[in-house]
Structure formats: structure tokens, C-alpha cells
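Written below as C-alpha cells is the structure these notes are about.
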Amino acid sequence: MTNHWNDLQHTDCALIIGANPAENHPISFRWLTKAKENGGKIVSVDPRYTRTSAQADVYAALRSGTDIPFIGGMINYALENNLIHKEYVAAYTNGSFIVKEGYDFNDGLFSGYDETKRAYDKTKWAIETTEDGKPVKDETLAHPRSVFQLMKKHYSRYDVNTVTAVTGTAKEDYLKVCKTFCETGKVGKAGTIMYAMGTTQHTVGSQNVRIYAILQLLLGNIGLPGGGINAMRGESNVQGSTDFGLLFDNLTGYLGAPKATVPEHATLKGYLEKETPKTGYWSNKPKFVVSLLKAWYGANATAENEFGYQFLPKGNKNYSHINLFNAMYKGELDGTFLFGTNPVVGGPNAGKEKEALGNLKWMVAVDLWETETSSFWQKEAGSDPAKINTEVFLLPASASFEKEGSVSNSSRWMQYRWKAIDSRGEARPDLDIIHELALKLKKLYANSPKSADKPFLALDWNYGTGEEPDIDLVAKEINGYDLKTGNLIASFGALLDDGTTSSGNWIYSGFYPEEGKNKSKNRDNKDTGGEHYLNWSYAWPMNRRILYNRAAADPSGKPWSQEKAVIWWDGAEKKWVGNDVPDFKAVTAPTEPGGTGAFMMNKDGVALLFAPTLNDGPFPEHYEPFESPVPNAFSNTQLNPAAVVIEGDFNKKGDKKNFPIVATTYRVSEHWQSGSMTRNQEWLSELAGHMFVEMSEELAKEKGIKNKDKIIVSSARGEITAYAMVTKRFKPYSVSGKKVHQIGMPWHFGYKGFATGDTANRLTPHIGDANTTIPEFKAFLCNVRRAD
Amino acid sequence: MSNYQKHPKANVKVRRFPKAFVWAHAINGLAFFALYITALPMYTDFFNWLYPVLGGPAMARLLHRIFAVVFIMPTFILLIFSPKFFFQWMKELITWKKRDLQFFSEFVKELFGFKFKHIKQTFFNAGEKINSVIQIFCAILVIASGFTMWFPEFFPRALVQWGYFLHNVGFGLGIAVIVGHVYLSVVHKHSRPGYSGVVNGKVPAWWAKGHYGDWYDEEVKKGNFPDLDDPKRKKGA
Amino acid sequence: MAKEYVKYVDVTKCDGCRACMVACKNWNDLPAEPTEFLGSVQSHAKTTADTWNVLQYIEHENGKGDLDYLFRHSSCFHCSDAACEKVCPENAISYTKYGTVVIDQDKCVGCGYCVQNCPFEVISLKTYKDKNGKEYRKSHKCTMCTDRIEEGLQPACVTTCHTGAMEFGDKDAMIQKAEQRVKEIKDRYPNAMVYNPQGVGGTHTVYVLAEKPSVYGLPENPKVPTSAVLWKDYAQPIGKAMIGATTMAVVGAFVANKFFSKKAGNDAEDGGGSHE
Amino acid sequence: MVEMNLNRRQFLKLSGATAATLAVVELGFNDKKAYAKSKEFKIAKATVTPTICCYCGVGCGILVHTKDNTVVYTEGDPDNPINEGKLCSKGTTLRQLYTSEKRLTKPLYRAPGSNKWEEKDWEWMLDTIAKRTKETRDRSFVEVENGVTVNKTERIASLGGAALDNEETYLLAKLMRGLGVTYLEHQARI
């Protein structure tokens, strides 16, 4: 989230798309309700009428997988009706930049496409630069090769009629959404876009988010209170675990993992040169990388050995979830650790993921419960135990309040959790388990002369000698030290690239600036202005609550409007002041070089309307989902040309003839993720005790299905049985005049726990987004029939 | 002083009720009493101490239901074992004559121990008939409403709600009459001699003759009972 | 006299999260009660002895032909004139000074009269087994967390409600708030109304309904059943009086008999004269 | 809005790593025990500890009431500005995370081909896991690939961690990368 939960109350319009916060982030509605009381509007865009829609002022239906047309049409509407905040666009985005001649767009393909590799040559999308590397601009935005004009041209194809014919939205509903939300382009108004997995879990997931950002930039909504684009994270610490690099391609703090396939990455120097931009805050990257290496390898990281850079593993491919299971399926993995995760329910094409687990030699599952995953070998799971040779270690983990530590919420607020009670039975905190395992491995490898063992032996591991690590030492290591004095480092601004500072995660650096001052424990809930509660917990980076808040002021440093003021330039004090920590260099005056670069993390300090960095194009373009009932109305390019398709048995594809119905998955308020946490609790299990499939009355009639009937849903990957929930909240879509049905189902269920049911993910495909490889859970094809 | 009591055969016991009635009456009476006791703590807080005696409210309720079934049984006992008596009884209940009305004025005198006259009655005197009518009416009310209370899930809610009211009305009316009935049978000196009638079916001839003149005379004609009338008086009559 | 409190429920602000349902179970230590699939998101058809509040989900096509997805937190209304209190034979149900209606579990005998007479059908019986395996029943419903109110806390369901759909406060203020709110939402919900039925003397759970009560399965004009009034206000006192009267009559008869027998010196067992 | 003397007793003590709070939303009255109950007030004498909800990313504050070595009640933390004492159904139920009979209380081991779990002690489990990890790592470790130092093992994967604390995710990432694991993923991807 660029903004934070409490800030939602300041919005004039919340466009909720690809999310159902009333059910999945209910407390957000406390703030949305406040916004409504203040005159704000809520717009809900969803394939089905949800509990969120029930609270919305405007609801519009869209067929799953058509976010880009939907928002693209809004961009077109805003541009045609001149509803954009032009000054903001000119000053704070790359709209004025001139794109080089190499850029082109034709029938769904951008220039530079290599069909054999399913990849683009992104250099074809470069920005015109002056001799000293500065971008060439036309601040009038009139140049035909300016980003703004190219964008305008690109989205001129997204007219209301074409858009609604693709999305299946009723035209008057669509126009109502456009009108309501584009109102926020006015100065003094701010609109927010709230999204979640309904946006990201598509083959065009990243571009879905991108197009939200473009719309928000055009309306001048980023950086303002009540504005922003707000990804609502689904897990208590999925923000933190991402920040801390539990993804193959990120070390901590969004520092890219070195790759064996990039020749420059062979050395630290090469890596830093390749990965460090010349301008923007990321130009400090070497300081963060070296400090991280110092945190990990301690005294073993020296200038002579590239600060231990070579100890880091270098991968040569995409190791993401889908590929991980594909490798497991092919027998390329021997052992797997699972920390509180249940892919047999939560993973795509879950039947295949379950099969894959049987190819492991060993598996360690750390969980509060016996999940469908840790017991995948059981008869109840449909397995023959005798044929499965996987050794399974199931370790009981402590619940969140049986241990202490911090978690980072969607707003990037790092809040501390204290220990309320000793762990149930013999359960132990994950921290203890990881720590003790590390110590045991250290012992096994101790004194090994093998060079292969050196990287692990070099790993600095000093969190106390007992079985229970000292969590405070871990916290301090994350914050980092000034190694010369041994003092905690005050903030990442003090990090250096010479090995004299350490920090386990630079973006968090500053949360523990001095002994005894772990700011995640801050509990002063006085409103410090703007409902930012600056003394409550700690928000990375630097306790900023609204990212890009420099953009809430005009280039001269004055707030665009008093209603939406956050920070402003105080000429007398010669610094930025306001009710939030400036997301800017606090003493850089608007008139100084870079003084208007509101997006200081980015190269050139501007936000990217045109993003030549993404794998699938600089502008979001509509492609149909992997499985779609209709041809792409915008071009002859049906599927995202950069999406990686795994062929064969692991990822069967269904056609629209056998599987004519669009399906999507979602969550209900009462269950959480794969349900292992909630289905094992009785009170939540009684609230939502049955696997169901929602469908329209029209589809039910066609299929002879009555409410509460047992039905079978099938896809190319498998079939499941569930109860039919026939509802008025789903309606068939008219897509280019053709009737298209959609159904939806929760993906929480499995056979363990109090509330049991078939697993929706048995139906979903193993195909991922072109940039993140996040699986396309939210749009696939299926068919339904009565079970009897 | 009754004339009949002086007759030599005055103390001969004559059969007033068939055995089936004796059983039916006893069961009915006992059940009524049991129902009364098991409901009493709920009817009024004054008797809450009965709950522990009865083994708790749930046990009291169970007993009440058991006795409710028992309470219904006598009708069937009579119907099966002595249908003749049953229908005679029913017939009497719907036969009302002048003497029945006369009976009441005299009955009040008798009840309070004033001097009174016997008005000739058939098998049941008017008092008994009114007692029977009220009891049957109450029994139907109580039984029917009891069903709705016992099995509320099978009845419309309104019926169940009225059931509580009717159960109460039936019980209230019934108990009032029962008090009198029991008093007369076990305490009141004039009617007490008839008590053996519900114990073994037989009553003193003189008492039967006095209270149920018409019936007694019929039975005499049939040769079942001794004739207690003074022959002189008879002739002269 | 302490202040009377009202639980204000604005169904138009509810987003159906059902925290109220679990908060109730959590505070009152009520067990889960798994149910069959009901064909909608709703978990229980109605309140039960172990589920004191149920969130209703209603798909309603409104007058304009649009779909309204309506939610309602349903639980005991805590009537000012409570049928349950009236019919309880054990005086186990009583009004508290806060206006809440509570069942004294020690006094409850499980007769179920309250269950059958509640105009909102929110009371239920639960069967328990004692240590000897003997079954007994108790009647249950929402207590409005009277134990919490006594300690200065609000009911658990209200405390957890995040949208402000529920509030707890001074009776008059809450009713006023409800009336005000109805005015605000009339445009969106033309049938909106305050539901504070006077047939039961007003309630201590006051609703702002988006639709007519019948849409929510609520009685339009709930009242204490006439049968209950006749029963408790007439039949029972009269019945008791009649028992008293007949008892007095026989006692009088007994005394009179003794008295007159002695006076008249009538030693005959049958005092009847012959019937000429 | 009707104000009802929402006097909050502010967060009281924060001593060392443990904290106690008495956060209650008070009404404007305090007629103590007007209706005396034999039952003790449920959260009287309970220890109160603030935590953050373990479910979605909103990060609501929750108070955990513990007494007699169990969790007797969980409710929203009124001091936390994010949720101001309010919770959804999942957060409200936090108590059953502790009390559920389905909680795993002992390490369980499943041998290859076996159809059942066996209870094992922690020491044996962690020792064996460390051995397996080492065996696999040693067998599959690649130091150099195409002339580039890569120091990796591609036969071990680590999945999950979105519900772990920051400190835990940090150690996990550090340990896994330290071992050379490249298949390092978690729920952000799904």
C-alpha cells in the first residue's frame, strides 16, 4: 500500500477492483465507512456482487480477466473528457518524456518481440536522452512521440463500446464508474484504488496493477491522503516476508538476487555496476548490498573477498512457485521445507502439486496443524502410502501469540507482538526451529575443509548459544550496526559500501536506532496529524506513512490543496514539514536540482506512465486469460505474449468447447487462505462449513441445477464436488453479444479440519504472470453438472 | 334420619360400578393426582421445594408426561372392558330433566350439612353428571393442549401458544371441581359411604337407595338389589 | 434506577463479517454448532441455544428492480414487555435495570414456554446431561452481555463491530440516532424504518432496517401473544382463585357440617330426608 | 455520534518484553455487581497481552486474555489505531488457535512407505532433518557453473513464511541462502 488503512477515511472515492475487502480485509471497511460518512463514494468492480458491493455506491460487473480493458477505458474516458490533473502529469510522471523511434505497437505486440523466446527486447522501448543521459522532455505533452501522446493513442482503442463488449459490463454501470472515479482528478479530491489477488493472479497480473497506477497518476492521486494504489495483503506478514526476501529473486529489501546467467553478476563489482541506476535513491544500492553481506557473513565478509558476495547462491532460471513444483514433479528436488504453507490446497493445479510431493525424498513441514500437505501421503488424500517414499517431518509450531516478534502489515507498519502464553504442548516458535537447525548444521559442517562448505561455514550466526535464540539480537542485526563503534545504525542514510556498516534489511534500517528503542514496540496512539499515528509502531521506510507524499505538493512545494495537504516546503525553516515523514530528502528545496522529483526512488524522480522495465510491454495491453471463452477483441494476440507456458501433463489446457464457463476463486470472510488455520477452529468452521460454488440463476436453470444441489465442477485439470449456491449476485455476461457464464468458488477447503470440502485449486492452471509468475487462479475455464 | 338405614337389609352391599370402572377411576384419579403434583412446582413458586423431591425439573417433566399417558388410559379401559357402562354413562350425561335441577338446591344444603331432601336420581345424580361433564371437558382441553405443549414442533406456533392457555384453563376448572369431588367422597359424611363404590364397586344398599332412588328401584325390579322400601308405604304410595 | 441502554443496529452499515457471531460465542463460551448447507452464505437458519445471534443474508430485489444484498444481525430484542418474561412459570426470566431481559439459569426448568411465546423466535432450549447421565434442559438466548454491562463494558458483539453497524448506549439517544439515520438513507432505501415495535412495549435492540420487516422475516407488528395475556393475566389468577374458592368451600363445608351436626344432634349418617 | 464516556484505561505497563494492558471500553456507569452472579467475571484476574492478528494484512491489534494456563478470551485492542478495538470474525476467534483440539502438540514423523505418523522427540527430529539437509546439499552442491562461482543447491526448496514474524523470515532467508538454496519461495507468489 502506498497509503495506510487509517488513511482510507480521507478518500473521496475508493475504487475497489480485484478485491473484496468487506470479506477479506474487513477492518478496512471501518475506514471506508468513515470515508462514506465524510461524503466519499465506494465503487465496487467485481465479477460477482459481493459483501463489498453491498456497501458500495456504485457496482459494476466485469468478466474475470478484463481489468485492463476496464481501466484502459477509464483512462480513455479521463483523457477524452479532460478530467486528468495535467500539471501533476507533466511534473511528476514521464508523460513528457520522448520515446525513441524503436518503439512501436502493432496488433497486440510491442516492438522487439521474439516469438521463440516469448520475450521482448526491452531496449526497443528506450527513452530519448540528451548527451549527459538526461531524458528529453516536452512538458506541453504535445510531442507525438511523447509518452503522453503514445499513451493517449494506445488507449484511444479502449472506447466504451469495445470495452464493455469485452468486460461484459452494462454500459450505464460502466459510465457511472468512470464518472464517479474520474471526479477525483480535480484538485482537492483524491481517489484510491484498492486491490488484491483478484488483480494480480492473472497472466497479466503485473500489468493490471500498472494500469491502476497509470490511471491514478493521470488523476494526480498518488502521494495524497485518501489516494494511492493500495494492495491489500492477505497474510499478516506477507509484506514482511517479501521485504525479507523469501522469494527466489530478491535478497532482502528488494535487492535482486545475483544470477548465474548475467555475466556481470560474476563479481560484486559487476553486479553493483549492472544493477545500480545512476539517478534516484537506488543509486545508493551498493551501500545496502554490502551492508547486507556484512550482516550475513560478519567478519567473513571483507573487502578482499567481495564482502562474501561469492558465498551467495546464483541461480540460472526462474525458481518461482510454479517452476518449483514443476521441478518437484519431474523429480529434480530431494528435500523441501514448508513453513506454515499448504500448497495441496493453496497451490495452482493442486492435484498435480500433491503428486509432486511424492517425488521428494524428504519433507519438513512446520505448522500448527496437520495439513493436507503434510499428510499428502495418506489414504484420505487419495494416495497409496505404500507407494510414497517421502520421509515427512512434521514439527509443531507456536501460534503467533505464543512467541514474540514483529510483523509488517499492508501499510508497512511493523508492529510487535508480545508473548501471551507458553506454547501449546511441545510446539516451538519458528525462530527457535530455524535457529536450532542452523546450529545443528553448523555443527555437522564444523571444521569441514571442503570449499563447497565454506559459504555455509562463513554464514555469521550469533544469536546466543542456547536453543532459544535471542530475538533482540536478530532485530538489531536487521536494523544494522555501525561496525566501527558497535552502535546501532540510526537509519539507512548512514549505511556505507565500505564494509563498516551492516544491515540485514536496509529498508527496515532505522526501526531500532538505539539500544532499547525497538520502534515496532511503539504504542503511543495519539494522532500526530492526518491520522498517521507516527508514534504507533514503525513504518518502513523511515516511518513514512504515505509513500510519494512529495507529490501531494505542487512542484513549488505548496500543497495542491489544503484538503489534501501532507507535506510542504517551509521556506523559513528550509525544510519539508507536514504531518507525515517526507518521502523526500527533507532539506532539498523545490528549486534545487531534483527538488521536484516526487518519485525519488525512480530514475529521474518521476513515476512511469511508460514502463520500459516490464517483461510484457511498456503499456498495459489486454490479452485474454490462458483459458478464455472468447477471442481477444483488441488484437489477434490472444495470450500475454511474454507469459511462460509450461507444456504437457503438468499444465493441461481446457478449451472453450468442453469448458465454456469462466470460473474464478476467492475467499470468504470466515476462512483464511488454504483454511488450515481456520478450518481447524470450530467457531469459524461452523460459520462457513461447506464448499460451495456460486452461480447465476440463469446458469443453474440451463444446467438443471437447484440451490443446495450437489454439483460437479470440472476443468482440464480435474473435477470437484461441491454444493451449488444459486444466487442473484452472479449474472451472465454479454461478451460481444455472446452470453458468457461465470461461476466462483472459495479455495479454502480440503479434507482436514472441522470444515471440509473439495479443493478448488484442483481446477486451476499452472500458468503465471509474465513478470512475477503468479499463477492465474482468477480466470480459467470449467464446466458444471449435477452430481447425481 | 334415613328410613332405609333401618331396613334389615340396609347394610347389604350392592354393586354400583363394574370392576373396569373401579380400575379406570383409580388410575384416572391417581394419574390426576400425580399430574397435579408433578406440575405443581411449576404452577406456583410456593411448591418449588417439590423439584428436588421429584428429582429435578426434567424428572418432574418426564413423570408428568408418563402420567399424562396414564391419564388417558382409563377411557380405553372402560371402552374395552365395560363398553356398556361407558355408554350408559355417556347417555346419562346428555339426559337432563327437571329433577336434575332440583337436585342442586338440595345438594347445597346437603353439602353444608343443612337439612335436605333426596331428590330421586338415576344412576348418576345431577351433581355427578355435572362433575363428569366438566371433568371430561377439562380432560379433553388438558390432553389436547398437552399434546401441543409436548410436541410443539408438530403444531403451528399459535396453537402451541393457545395450548398453554387452554391447559391452564382446563386444569384450573378441573382442579376446582376435583376438590369438591374428593371432599364429598372422602370427607363429607353424607356422601362418604359411597366411597367404597370406587374402591370395590360396592356400596351400602341403603345409601344407594337414598342417593339414586330411580336407579335402585330399577335394579330391584331386575331382582339385583334387595327391596328396602317399607311394603306398607309402598302399597299406600 | 439505572439508565436503560439500547443496542442500536444499523443494518445498512453492516458488511456481514459475522464477528458479532463469534464474539458472542467467545465471550459466552458457547460451543460451535455445525449445520447443513443452507444454500446461502448464512450459517444458521435462526438463533439457537448455542448460537445467540445469527447474521442473516438476504438477496432482495428492491422496488427499482435492483439487487440489494441485505444483512441483519439477529438476536434477542430485549422487549420492554417481554412475552418470555410473562410466560415463565419459574420467574426465571426477568428485566434488569438496564432494560435487558435475562434468564436465570439456576431457576430455569427448561419448560420451553418462553421458546414458544417469543414473538421473534429467538429463545431455544438446550439439552444437557448431568454427571449421572440424566438429561435436563435449559432455555437460552442473548443476554445482551449483562455481565459485561455490570462491569462497565459493552456487549461483546457491539464491542467487536467494526463498521459502526452496532452501537450501545442510552436508550433515548439510540432511538434518536436511529430516526436520524433513517432520514439519511431514505433515498437509497425508500422503505427504511426504525424497528422498535411498540406491541412489545418497545425493544432494547433497536434496528434501522433497510427494508420492511417482513423482508427480514420479522413480524410487522409483534406483540405479546393474546393467549399469553389471557393465560397469565386471567386464566392463571382465576384458576388459582378457583382452587382457593373450592378449597375454601370444602373447608367451609367441613366446618359447617361439624357445626350443624352437633347443633341438630343429627347423628344419622345420611342427613337426607326422604323425598316425598 | 453518541459519546458514552469512552474512557479508555490507557495501556498500562510495558516492561521488558512483556506487556500488560487493561483496555476496556467503559460505559458511563459502574453499578458493580448489581445482579450478583456466582460466576466470576470472566476476564477478572486474567493476564492481558497485546498482539497483532495473524490473519490478513490489516494488522489489527488484539488483546489475549490468559488465565490458568489457557486463553480465556480474545478481543480487539482498543488502543491500536488501526482497528480501535474492532475485529472481524477471524480475529475475534484467535482464542481457538490455542484451544483447538486439532493443534499439533508433538513432533510427528512419517517413515518412507509408512501409513502412519510416529511421535518423535524434538532432538531426534532436528538431528535427522539436519542430516538429510546436509546429505542432499552435499550431493547436489554446485560451486562453479560455466566458470562462474554459483555456490548453490537446486535440490532443496523452502516454501512458505508469510505468517512468520519478520525476525523469523529474516533468519529463514539467511539460513536458506546461506545453504545455497535457490528454490526459495513463499505465499507472496500464490
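A few notes on this one:
Note that the chains take the letters A, B, C and D in the order they are written out, and that residue 1 is the start of every chain.
Keep this in mind: a contact is a pair of C-beta atoms (placed from the backbone, for glycine too) under 8 Å apart; a residue touches a chain by one contact, two chains touch by 3 or more.
Just so we're clear, the structure is a prediction, and the values are computed from it rather than from any experiment.
With centres taken as mean CA coordinates, the chain nearest to the overall protein centre is D. Just count the C-beta contacts per chain pair and the biggest one is A-D.
Between the CA-based centres of chain A and chain C the separation comes to 49 Å, rounded to the whole angstrom. If each chain is reduced to the centroid of its CA atoms, chain A and chain B end up 86 Å from each other. For this pair, chain A with chain D, the centres built from the Cα atoms lie 22 Å apart. Averaging Cα coordinates per chain places chain C and chain D 41 Å apart. Counting partners per residue, chain A has 26-27, 30, 669-670, 682-684, 687, 754 as the residues that reach two or more other chains.
In chain B, no residue touches two or more other chains. Of all residues in chain C, those touching 2 or more other chains are 17-19, 21-22, 26, 162, listed in ascending order. Interface note: chains touch in the pairs A-C, A-D, B-C, C-D. Listing the residues of chain C that touch chain D in their complex gives 2-3, 5, 17-19, 21-23, 26-27, 29, 96-97, 102, 146-147, 149-154, 156, 159-162, 167-170, 173-174, 177. Contact residues on chain B toward chain C in their complex (touch as defined above): 1-3, 5, 42-45, 48, 51, 56-61, 106, 110-120, 152, 157-158, 160-162, 164-165, 168-169, 171-173, 175-177, 179-180, 183, 187-190, 192-193, 206-207, 210-211, 213. Against chain C, the residues of chain A that register as touching in their complex are 22-23, 26-27, 29-30, 33, 49, 51-55, 668-670, 682-690, 692, 707-708, 723, 725-729, 754-755.
Of all the residues in chain C, the ones that touch chain A in their complex are 13, 15-19, 21-22, 25-26, 31-35, 37-41, 43-44, 51, 59, 61, 67-71, 162-164.
Interface residues of chain D, counted against chain A in their complex, comprise 11, 14, 17-19, 47, 49-62, 64, 66, 69-71, 79-84, 86-91, 93-94, 96-98, 100, 102-115, 117, 122, 125-134, 136-141, 143, 145-190.
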